[in-house]
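Read through the structure below, which is laid out as structure tokens, and then see the notes.
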């Protein structure tokens, strides 16, 4: 039994348990604002993160708890952030949509759809210019591909041959609008190809397939070939956000996708291949539950940022004093 | 001798002579602001306009004198507009970049690059919704294809199957930036195809080829197939605007393209095919010169819009009075 | 007359407009199948079909531009930009096209466009989802800007905007959608272009709009308990401002507190203040005070967000300030 | 010290910054091969190469966002947005990302970004190429805004902005580029964050910035011939405003005329006026007057454009108005 296979399982389970708890905490009004769950899509974040190194950069969206956890952002700091506490990763200023941990090169959730894409281009430009090895992995949804920013970012990354891994999480809905209602061409790999970017569509429910595709793409990027594009076919098992009554999707469609739950698929694979025993999986689950409990406890005990610090960090320093720099 | 072949020549010559005069008038400070000449690209505007009907709509850019003239906008009203006179087509409020004549369904020069594309989508949506026969021809440059608005407009037009003819005037430069320096993929037909739009690249120096391609595309659009895309390879013989020293282009490149002057090419063809005699061409030239002279005279004699009318037409009516609608 | 929510007020008007004129259509992200992010168009797709209640892809610049073109071409689009935060992507089309075309073509082109959007903070949505920015729209000649603060106005203003031949931006403060009020669905719309005194008073004037009206009225109640009677003026129309009404209230009370959820620097309150200086300077017995948002990207945590926004307590303090010479 | 044009002032600073720090790069449409639409970067491509003087495709939202990302990643981008009119396409990135990221991440993310852009009217460029809008940027916490009005400031402010760790927007009024003035290329930059009295006076204060400074100085000359001595304050930094300097000049003169090329409603002058009311109300002997652009999309024809913009004659009139009680 190699450690890697179980590690993938561990990460997916951590995310699932964490977010299930988030949903409960939302009902208990411990978490507020917008809350977008990643449940059902865990294989994408975990598979891609598994292929990245510490030097790589991550840009994510408002649906980024999974990415943050898989990248090693502390679950307690993440939960505390959603509680709005000063021990949160952004001291409560960001909330669910703006998780950032720069020490992990996790640059944050960007909540304007498409808004993270140009940022990723810039991070990659910095790596390339400064001769650093990093690749920037940029996550975004199918809906984001209709924004002008997407087009501009693809062109810039390709034109400047930048080390960007574009990761399209095609869960086939932009909020309540189905892919076919927002995209004239639903083959999302066509557009990056029209910008000279090699693009591949991959099963996003199979964590191993995700990781392998990401690894291949990253190799090409690290050779200096410029950006690559991966489209992962996936599905969110929950509504778009806690405000969404989810009336626009067919029950049978949801059921069909739930039958391909990435956690269940991978568990089956591990068991079938003899890579894990049932007890291993139970232990992973127990550990994840314990981690979530600890995260909640950590968040509960967090203080509130003093109101005197409200305007702290708007600027690095004050320039209005005479003689200021 | 059919009238049509000579008509194409007439239109191209009118534009050429008109704009040559514009350049002189600019030096004489009769025309001010930005002035972008179409010289060298006349075959595109003339060929496409030749294929349109009166019901069709036109959206152009800041480089739109040629399109306006070919569409039948009065040369005098056009010149007067550039003189800033009240007999100009926009009473002097628009200037060179904002020529509009709604009676000809010529909706204007749009001077924000890419800004006319969504407008064209909307005009086409109106035609389709109201059951009118029109197609909207939307002109834009190679540079515009990097703007997000371009991508958004292509998707909307294709998704909603709208009667739009996208006309890309690929003169291979966006101001001083060569196509290869602004486009990762210099095959500009790839992108519309990635949006499910049939796209074709055509010689933009051959007015007949332009007209034929436009005619074919319009037929398809009128059948209800949705938008089409034509890329015309062309070249501007002059600088980007009157402020441009044109230092970024190779002299030999310019010479190579000038050797394919659309007017000369078409004149040769007419003569070779016996469709016109030298005297016909001379007569066309003389008529064009006379028309330009008359346009200048018309402009010269125009008055100035009264300053009391400065804020007229900002709104249709005033709402601030009590009892206003 | 019945009780209804603000979102029902909007919905009623949208339905009316769709029924009244076949050229009307709704356009925006999730206005159809989903029923609108704030449920303002719930049920309308079913009644009017997908051509008249048209879901847009995520392409704010594109679909706003398309709406402008459609308006030019003879349709009457009513656009929903989900929130003002995303409207930043569409400003080129609104400012460079919608606002300029009539004048720039000497009246040849009309843009009868209505653009509705949710604005404001107060729901712990964080810095990228809590902007106000109605002052930006109010800065632009060629646009009109309406800010409904009541359920009736939420309805009336959509209809009035629809009747107007020029582009109108309607800013709907998102905290208002679930609030209730009286709604007369048959009333001929009251002119939306003028301010309304929502509470008469003599000691000072609170001048406000949109989501800040209810906070101002709460403050007025609190002050009344202490014997201070403030007049509360709801601006309603932010461009053009109802200068006469602004001057009139201050001519009655001689003191003004401006309440506005935008950031203070360069917010709408600054313009109201300048208007008072230009038109009612000698009526002022004390400096005008502004109660606006603190100059910070709105934070997520509730206590921080609350501290960043205008509140009844801050308004009460400001009124006492202008009454007692403190500012 | 030498005579130089404003564009040379900018260019000198860009060259200095590029030489000083290998992390600096220029980014914008036509900044390289073309040398900049206003020739501010002419010659720099040749000196520093295409990676450090980087031509951008026409994609304002994209390349401004990329610059923000590059700044986050350790570079020091100096972006040129050809004109503010096109900056409308990039406002999402500037307002939702550049301005929020530091606060929203509790200081984890820095965005040391400089964005320069040409602004203003006066060159018969018509409604889509004549915006001011510096008041919009000045409204946004997280951004700083500089408006160089002199050749020296054109240089100094680029360098100071570059030294600042936060995003700075520099608005360069396009009529200034060919104007000449003194330039000391070796001077340590004067703090750009404070206003400067460009002409002392006792009878009234003209408070202005950018392209309106020279018009204000001309008006001051004309008034001096009639024995009226006005003080002219150049704001220089539009966010944060130098409140102390604004208060100080009016404390000396007791009358103020605000000159600003933006449209009057909600323009920068409104904020200066509100600042005066809040901080110097009892110093004011007359209502403050504003000389701003007329509320119209700027027309092409010269006589109409001239009539739409602030002019020395209008400033003179306004000063006489505040002196004689007319407004």
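A, B, C and D label the chains in the order they appear, each numbered from 1.
By definition in this document, contacts are C-beta pairs under 8 Å (C-beta built on N, C-alpha and C of every residue); 3 or more make two chains touch, one makes a residue touch a chain.
Since the structure is predicted, the reported quantities are computational estimates derived from the model, not experimental observations.
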{"item": "Remotest chain, chain C as reference, centres from CA atoms", "value": "B"}
{"item": "A-C or B-C - the one linked by more C-beta pairs in contact", "value": "B-C"}
{"item": "Interchain centroid distance [CA atoms averaged], chain B/chain C, Å", "value": "39"}
{"item": "Separation of chain A from chain C, taking each centre as the mean of its C-alpha atoms, in whole Å", "value": "35"}
{"item": "Rounded Å distance, chain C centre to chain D centre (Cα mean)", "value": "30"}
{"item": "Chain centre separation in whole Å, for chain B relative to chain A (CA means)", "value": "45"}
{"item": "Two or more partner chains touched - positions in chain D", "value": "56-57, 59, 61-62, 85-86, 89, 92, 96, 103-104, 126-128, 141-142, 295-297, 299"}
{"item": "Residue list for chain B, restricted to those that touch at least two other chains", "value": "90, 93-94, 98, 110, 112, 115, 146-149, 151-152, 155, 159, 181-183, 311, 314"}
{"item": "Complex interface listing, chain B residues touching chain C", "value": "57, 59, 89-91, 93-94, 98, 100-102, 107-108, 110, 112, 115, 117-127, 129-130, 148-149, 151-153, 155-156, 159, 311-317, 319-320, 322-325"}
{"item": "Of all residues in chain C, those that touch chain A in their complex", "value": "29-30, 33-35, 37, 55-62, 85-86, 89, 123-129, 294-297, 299-304, 307-308"}
{"item": "Residues of chain C defined as touching chain D within the complex", "value": "61, 85-86, 88-89, 91-92, 95-96, 99-100, 103-104, 126-128, 131, 133, 135-136, 138-142, 239, 241, 262-263, 265-271, 273-274, 276-278, 281-282, 284, 286-290, 295-297, 299, 327"}
{"item": "Residues of chain A touching chain C in the complex", "value": "32-34, 81, 84-85, 90, 92-95, 97-98, 110-115, 143-144, 146-149, 174-178, 181-183, 244, 247-248, 304-305, 307, 310-311, 314"}
{"item": "Complex contact set, residues of chain A against chain B", "value": "146-152, 154-155, 158-159, 181-185, 190-191, 193-197"}
